[in-house]
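Pasting the structures in now, so scroll down.
There are two complexes below, and they share subunit A, which is joined by subunit B in the first and by subunit C in the second.
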Partner chain A sequence: MSVVAQAVVGTIVTGSVYGLVGVGFALLFRASKVLSFAQGGFMLLGAFVFYSLVTGGRPFLPAVLVTMITVAAFSAVVYVLIFARVAAREAFATSVATIGLAGVLQAAVGIRYGTAPLSLPDVVSTRAFRILGAVVQVADIVAVVMAVTVVAALVLILRHSQIGLRMNAVADNATLAVHLGISSARIATVAWALAGGTAALAGIAFSLRSAVDPVGVANIGLLAFPAIILGGLGSVGGALAGGLLLAGIQNAVRIGIGAGWVDFVSFALMLGFLFFRPSGLFGKAEVVRL
Partner chain B sequence: MTTDAIKDRTGAGVLGRTLGRMLGRQGSGTQFVMGAGLLAAALWALNGGPFLNLVGQSCAVYAVAAIGQSVLIGSAGQIALSGAAFMAIGAFVTGSLAGTPLETFPFPLLICAVVGWLVGLLSGLPGLRFRGLYLLLSSLALQFMVTAVTKNYQSARHPAGLEVPPLHIGPLDVSTGQSFYIVLITLLATVYLVVALVERTGVGLAWRAIRESEEAAAVSGVDAVRWKLYAFAMSGAITAVAGCLMAYLVGRADYETYNLNLSIALITMIYIGGIRSRLGALTGAVIITALPYILQLRLPGWLAGLGIDANWYTENQSIANAGLFNLLFLLVVLFEPEGVQGLLGKAERLLRRTLSGRRTGRTTESPA
Partner chain C sequence: MSRPHRATLKALALAGAGALVLAACGGGSDAASGGEYNWGINAELSGATSAYGKTLQQGIQAYVDEVNAAGGINGHKIKLTALDNGGEQSRAAANTTQLATAHRVNVIFGNVLSSNCSAAQPVAVRNKVPLACISAAEHNPYVFNIGPDNARAATPLFEAAKKVTGKSDPKTAFVYLNTLTDLALAKDVQAKAAGAGIQLATAQEIDLMSTDYSSQTAKVVAAKPDVVLISHTGPGLLSVLKGVRAAGIQAPFVWLDGTANLTSLASSTDENVYAMTVYSLVQPDATEEGAKAYINAVKSKIKDSSTLMGLNDGEAVMGYLSAKAYGEAMKACGYPCSGEQLKQQLEKLQTSIPGIVDAFGYTADDHYPFKNWYLYNVVGSKATLTQTLAAGSSS
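Moving on to the complex of A and B:
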C-alpha cells in the first residue's frame, strides 16, 4: 500500500515538473508554431541560476523571482536577437535550430558548473508529512503548488487579459490576427519570455527534490515531449494533464516492468499518439497536419 | 551559354578553354574546390602515419553516416533525428554476429544494410502520415526507443558492451592502420557512387520533387508515398552500414555511443557542409570529425598567444566542443542553410561577377 501511495506522490511531483516545462512548449507553439527543443536548456539555466543565488545566501522567494525574471528576460533576448527574423518566415527551421540552442545552453552550464550532480542546500523546510502511508516533503508540496499556480495563472491570462486574447488570436489564425493590427513579433517575444520563465520554475521545482546535473535536467526537457503530445500540442492545461498522466504511466512501468523500460514506453506511447491521435487528449484537431 | 563560350575563346590557350568549359557553370567551381580538398585530405591522411590514419578512419565512418542522413534529409527533405539509432542498429547487429558463422567480413555489412533497410522502411511509416515537426518528433521517439532497447540488451547480456572481432578480409588482417583506412575509404567511395547513381535516375528526381513540394510532386504523377519510403529505407541501410563500420573501428558496440547527441552531430555535419549535396555531407563529416582533434592540439596554444587562459577549455574539452558545434549548427540552420557549400558558392559568384565585369570592361574599352 505504501509503495503505491509513494508512487502516487512521486507521480504528482514529477508530473508537475513535466507540466511546468510543457506549458512553455504549448505557449511557444501557439504563438509562433515553433516547437522549442530548448525548453530543457532554459530549465537547466533556471536550476543553476537558482543554485547560485541560494548558495550565495539569498532566501527562497526572492531567489525564485530573480531566477524566473532573469531566465525569462534571457529567453526573450535570445528570441529577439537570434530567432526573430527567421522565425517569422520559417517556423520549422527555427524549431530545428532550437536543438542547437539547447546544446549551447547545456555546454555553457556544463563548463561553468561542471557535469557532476550538485544538490541544493535545504532551502525550504525539511519537514515531511505522512499521508496514507506515503512520505510527503514540503519541497514536494512547493513543486506542485508552483505548477498548479502557473498553469492556473496562464489559463486565466489567456482567457481574460488583453495580451492573452491576442495570443489566442495569433494561435487561431496568425495571418488574420496580423491584419487586425496585432504585432505577431511582440506576441512571440512575450511567449518566449513566458516559456523561459516557466521552464526556469520547472528547473527550480526539480532541483528542490533531486541533485541537478546538465545531462539529467536536459533529459527531463526531452521527456516533456511525450507529455505534451499526450496532453495535446498547444493546450496549456493539457500540458499539465499530460505531464501527470505520463508520470503516472512511467511509475507504473517502473514498478511493473522495470526502470529500464520507462523511456521506451514513454516514447512508444508518444509514437502511438502521433499515429492515431496527433491532437492529443486536449488539443484542437486543426493544428495537426503540418 | 554563348557568351561563356566567347569568353572561353578569349581565355589563354587550350588548358584555359577546357578548364573554362568544365568550370563554366556557377557552382561547379565550388564543387571542384570541395572535391579536390577532400581528395587531398584523404591522400594526406593515408600517408600521414598512425595518428592521421586514425583520424581519417573516423572521418570515413562518419562520412558514410552523413551520406546516409543526407539521402533522407538533403535529397528527400525529410528531417529526422534518428541517425544515431540506425548506427546503433548496425553496431549491435555486428556485435551480435560475432562468434557466429556469419561473422566473416562481408556478411555483417550486408546484414546491417538489410536490417537498416527494413527498420528504415518502418521508420518511414510515420512520415507518410505527417511531415515537419511531427516527423521530427516521431524520429526522436525512435531514437529513444532504440537507445532503450540496446541499453537493456547490453546490460542483460554484455555489461561492458558487445565485442566486435578485428576486421579480416579472407586471411588478411585489415583491422588497423593504413589497411583499415583503405578498406573504409573504398567502402565510402562505393556508397558515394551508388548514391550518386541512384540519384541520377528518376528516383533522385522524385526525391527532389518531394522535397520541394509534396503536393506538386503528387499532382505531377510522382508516387510520393513509395519514393518517400525508399528514401527512408536507403538512408536507414547506409546509416546502419556506418554503424557496422563504427563497431569495427572501436572494437565494440556500446549503446552510450549512439545517443541523441550523435544524431544531432550527424545533422550538424550535413547542414554545415551543405544540405543540398553529398559533397557537402562529406565536407561536413570531415570538418566535424577532424575539428576536435585540431582544436585539442592547437587551441590552447592560440588562446595562450592571445593572452587568454585556456584552462576552461582543456578541462571541459568535450563539452566545449559540443557547445561550439551546437552554436555552429544554430547559426548555419538560421542564417546559411547551405553551409560551407553555400558560402563557397557565394564567393564563387562574387569572383565570377568581378571577372566578367573586368572582361566586359575590357571589351567596351577595346573598340574605343
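Moving on to the complex of A and C:
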C-alpha cells in the first residue's frame, strides 16, 4: 500500500463527500442567494434515516432512495412552511435563519437517536480492490459514484430541462425572471428539495466509511464551506471540483506538514479566496452596472 | 426610637451579620440547606459531547435515587442539581460559581472535557469545593479524577499488546487523537516503548476534526504491525480498522478507553478487536452485588438496560460508581459536610464495588482512583474479559 496512492484515493472519496454537500449550497445560492448553514443538519438527518432503514432490514438501494426522497421532501416542506416567509424579506435573514434550522435538526436527531456514534451493519460489500498501490473499498466507490451521478444529473437538468433553465434564469437575474413569469418561490422549493436530497446522500456516503457520527457529520458540514468557496458559490460542477481540490490540499498538508495544520490551511485558503477571488475557481463574477 | 424597636433592630442586625458570616464561609457547606446534602453536576448535557454528559448524569441520578429511597446518607437525602455547560469553558466556569454559591453544593461532578475541568478549577479552589472530573489535564488539590487517565496508559497498552499477540516484542503501530491527555500518552509511548520491548513501527496522530484518515491508515498498513494500539473515538477506530482490514492486515486492534464509545462496535463482526476500560463491563446477567445494584438502579433510566451495550453506554457506569464512592466518603464525613471536609475524606477513601471495580480510592498525593485497566475482546455486542492490567503511572 503506497501512502501517496492511498492519499489520492482518500482525496477522491472525501472530495466527493464535500462535493455532495457543496452542490446543495450551490443550488440554494443560485436560487435565492442564500448561504445555507442547514446542509450539515440535513446530512445528519439523512445519515440517521438511512441508519433506521438499514438496521430495520431494508436493502441498501431502497434505503438510499427512501432516505433521499424523505429528506428532500422534508427540506421542501420546511422551505414552504417557514423559509418562504423569511425569504420574502431578504437573503441575509434567510441565511441567518438556516443557523436556527441547523440547530433544530441537530437537536431533533439527538432526541430521537441520541448523540453517540452508531455503527452501521455491512450494507455494502466489505471487499476491497488494489489499484496502483492503493486499497479501494466498495464504500469508497459508492461515495464517488453517488457524487459523480448527482453532479452529472444536476448539470444535465440545469442545461437541458425546463426547470433547469428556469433555475438558471433566476440565478442570473431573479427580478427579470419573475417579470418573465417564472415563480421564484417554486424554483426555490425545487432547490431546497434537491439540496436536502444531496445532503442526505452525503450523510450516507460519509457514514459508510466509518459510523453514523454526529461530530464527523458536523465537521464535514463545516469543511464544505472552504470547498464551495474554492469551487465557486454558485457552481454545481465547481462544488465537486472545490471539494476534490480541498481534500487534496488537506491530504498534502497531512503528509507534508502534519495533521495539526489541516484546519488552519483549509480555512486560511478560504479567507484567501474570499479576499482575492470571491467568485472561486468556477463561479461567475457578478458585474454590477452603475 | 423606643427600646423595643432598638432591640428588634439589634436582633435583625445580628441575624444579618450571622447570615453574612455563613455566606462568607463559602460554598461547600450544606448546613443551611435544610437537612440535605447538596450535590452538583456541571456537565456537557448538550452539544457534540452530550452523549457522555447525559449518561454520566443518568448514572449519578441512579445512585442518588437509590440512596434517597433507602433514607439517604447519615439520615440525610441528597439533593442533586444539574447544570449544562454545553461543552463551553465559559459556561463550565459560570456553572461552577452558581453551584458553589447559589446551590451551596459540596461536590461537583462532570466535565467530560478536560478543558472544561480546567476552566472550573479556579472557581472550585476559591470556594473549596471538590471537582470530580471525568477528564482532567492538570493536577489540582480540589480536582479528583473519576474517568480514565490516558496519560497513564502507556505501560498497560504495552502489556495488552503482548497479551493479544502472544509475543514479547510485538511490532506495534500506534494511532492517537490530538487531545492534551492523548498527546501526553503519545510522548510516553514513544519514550517507553523500546524499554518495554515494544518495536514501535509508527505513531500516527489524527485530528478530532479530521474527515479523511487515509494517509495515516496507509502508514499503519505500510508498517505491517503485529498489533495496532489506538486511542480515538468510535468512528475514528472504525475508519482505521476498515482501512487496515481492507488492505489485508489482520493484526489485533487494542482500543484504549473504548468503552465510552462501545456502541460503535455494536455491528462489528471483527474478532480481533479489544477494548480497554478502567472498570469491569457490567454484564446483563451479573451476579456480583455491586453490578446487580447498578442494574437495578439504572434499569428505569437508560434505554436498552437489558443488553451489555445499553448498560455500559457512555459514562453511565462511571457516574454511578463514582457517586457511590463519594457517597461512602460523605458517610464518613458526617453531617453537615463542607467541601473542604469532603476533600479530606476523599483523600482517605479506599473502596470497591464488586462486579464494577476491585479498587477505587484516592490519596492526598494522587487524585486518580483507578488501580486497573480491564482488557476485553469485543465482538458485536459481546465482550469477554481477556486480562486485568495494573493501571500504570503518569510520567
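By definition in this document, the second predicted complex is superposed on the first by the 285 of 290 C-alpha atoms of A that agree within 3 Å, B and C clash if a C-alpha of one lies under 4 Å from a C-alpha of the other, contacts with A are read in each partner's own complex, and residues count from 1 in each chain.
Note that contacts are C-beta pairs under 8 Å (C-beta built on N, C-alpha and C of every residue); 3 or more make two chains touch, one makes a residue touch a chain.
Here the structure is a predicted model, which means the values were calculated and not measured.
Novice: In the superposed model on subunit A, is it clash or fit for subunit B and subunit C?
Specialist: On the shared subunit A, the partners clash.
Novice: Of the partners subunit B and subunit C, which touch A:I255 in the superposed model: first, second, both, neither?
Specialist: The answer is second: A:I255 touches subunit C but not subunit B.
Novice: According to the stated criteria, A:T14 is in contact with first (subunit B), second (subunit C), both, or neither; which is it?
Specialist: second
Novice: Based on the superposed arrangement, let me know which partner A:T115 touches: subunit B (first), subunit C (second), both, or neither?
Specialist: A:T115: touches subunit B and subunit C.
Novice: Check whether A:Q6 is in contact with subunit B, with subunit C, with both or with neither, and answer first, second, both or neither.
Specialist: After superposing on A, A:Q6 lies in contact with subunit C but is clear of subunit B.
Novice: As a test of reading the superposition: which chain, subunit B or subunit C, is in touch with more residues of subunit A?
Specialist: C
Novice: Applying the touch criterion given at the start, work out whether A:T94 contacts subunit B, subunit C, both or neither, answering first, second, both or neither.
Specialist: In the superposition, A:T94 touches subunit B alone.
Novice: Subunit B clashes with which stretch of subunit C: 91-99, 145-153, 325-333 or 379-387?
Specialist: Residues of subunit C that clash with subunit B lie in 91-99.
Novice: State which residues of subunit A lie in both footprints, the one left by subunit B and the one left by subunit C.
Specialist: After superposing on chain A, subunit A residues 107, 110, 115, 222, 260, 263 contact both subunit B and subunit C.
Novice: State the interface residues of subunit C toward subunit A in the complex, per the touch definition above.
Specialist: Residues 46, 48-51, 54, 178, 205-219, 221-222, 233-236, 238-239, 242-243, 245-248, 261, 263-269, 303, 313-314 of subunit C touch subunit A in their complex.
Novice: Given the complex with subunit A, which residues does subunit B contribute to the contact?
Specialist: Subunit B reaches subunit A through residues 79, 81, 126, 129-134, 136-138, 140-142, 144-145, 147-149, 151-152, 155, 260-261, 264, 267-268, 312, 316, 319-320, 322-331, 333-335, 337.
Novice: Can you list the residues on subunit A that touch subunit B in the complex?
Specialist: 35, 82-83, 86, 92-97, 99-104, 106-108, 110-111, 115, 222, 225-226, 229, 260-261, 263-264, 266-268, 270-271, 274-275, 278, 288-290
Novice: Which of the residues in subunit A end up touching subunit C in this complex?
Specialist: Those residues of subunit A that touch subunit C are 1-3, 5-7, 9-11, 13-14, 17, 107, 110, 114-122, 126, 128, 134-135, 137, 139, 206, 209-211, 213-216, 218-220, 222-223, 247, 250-251, 254-255, 258-260, 262-263.
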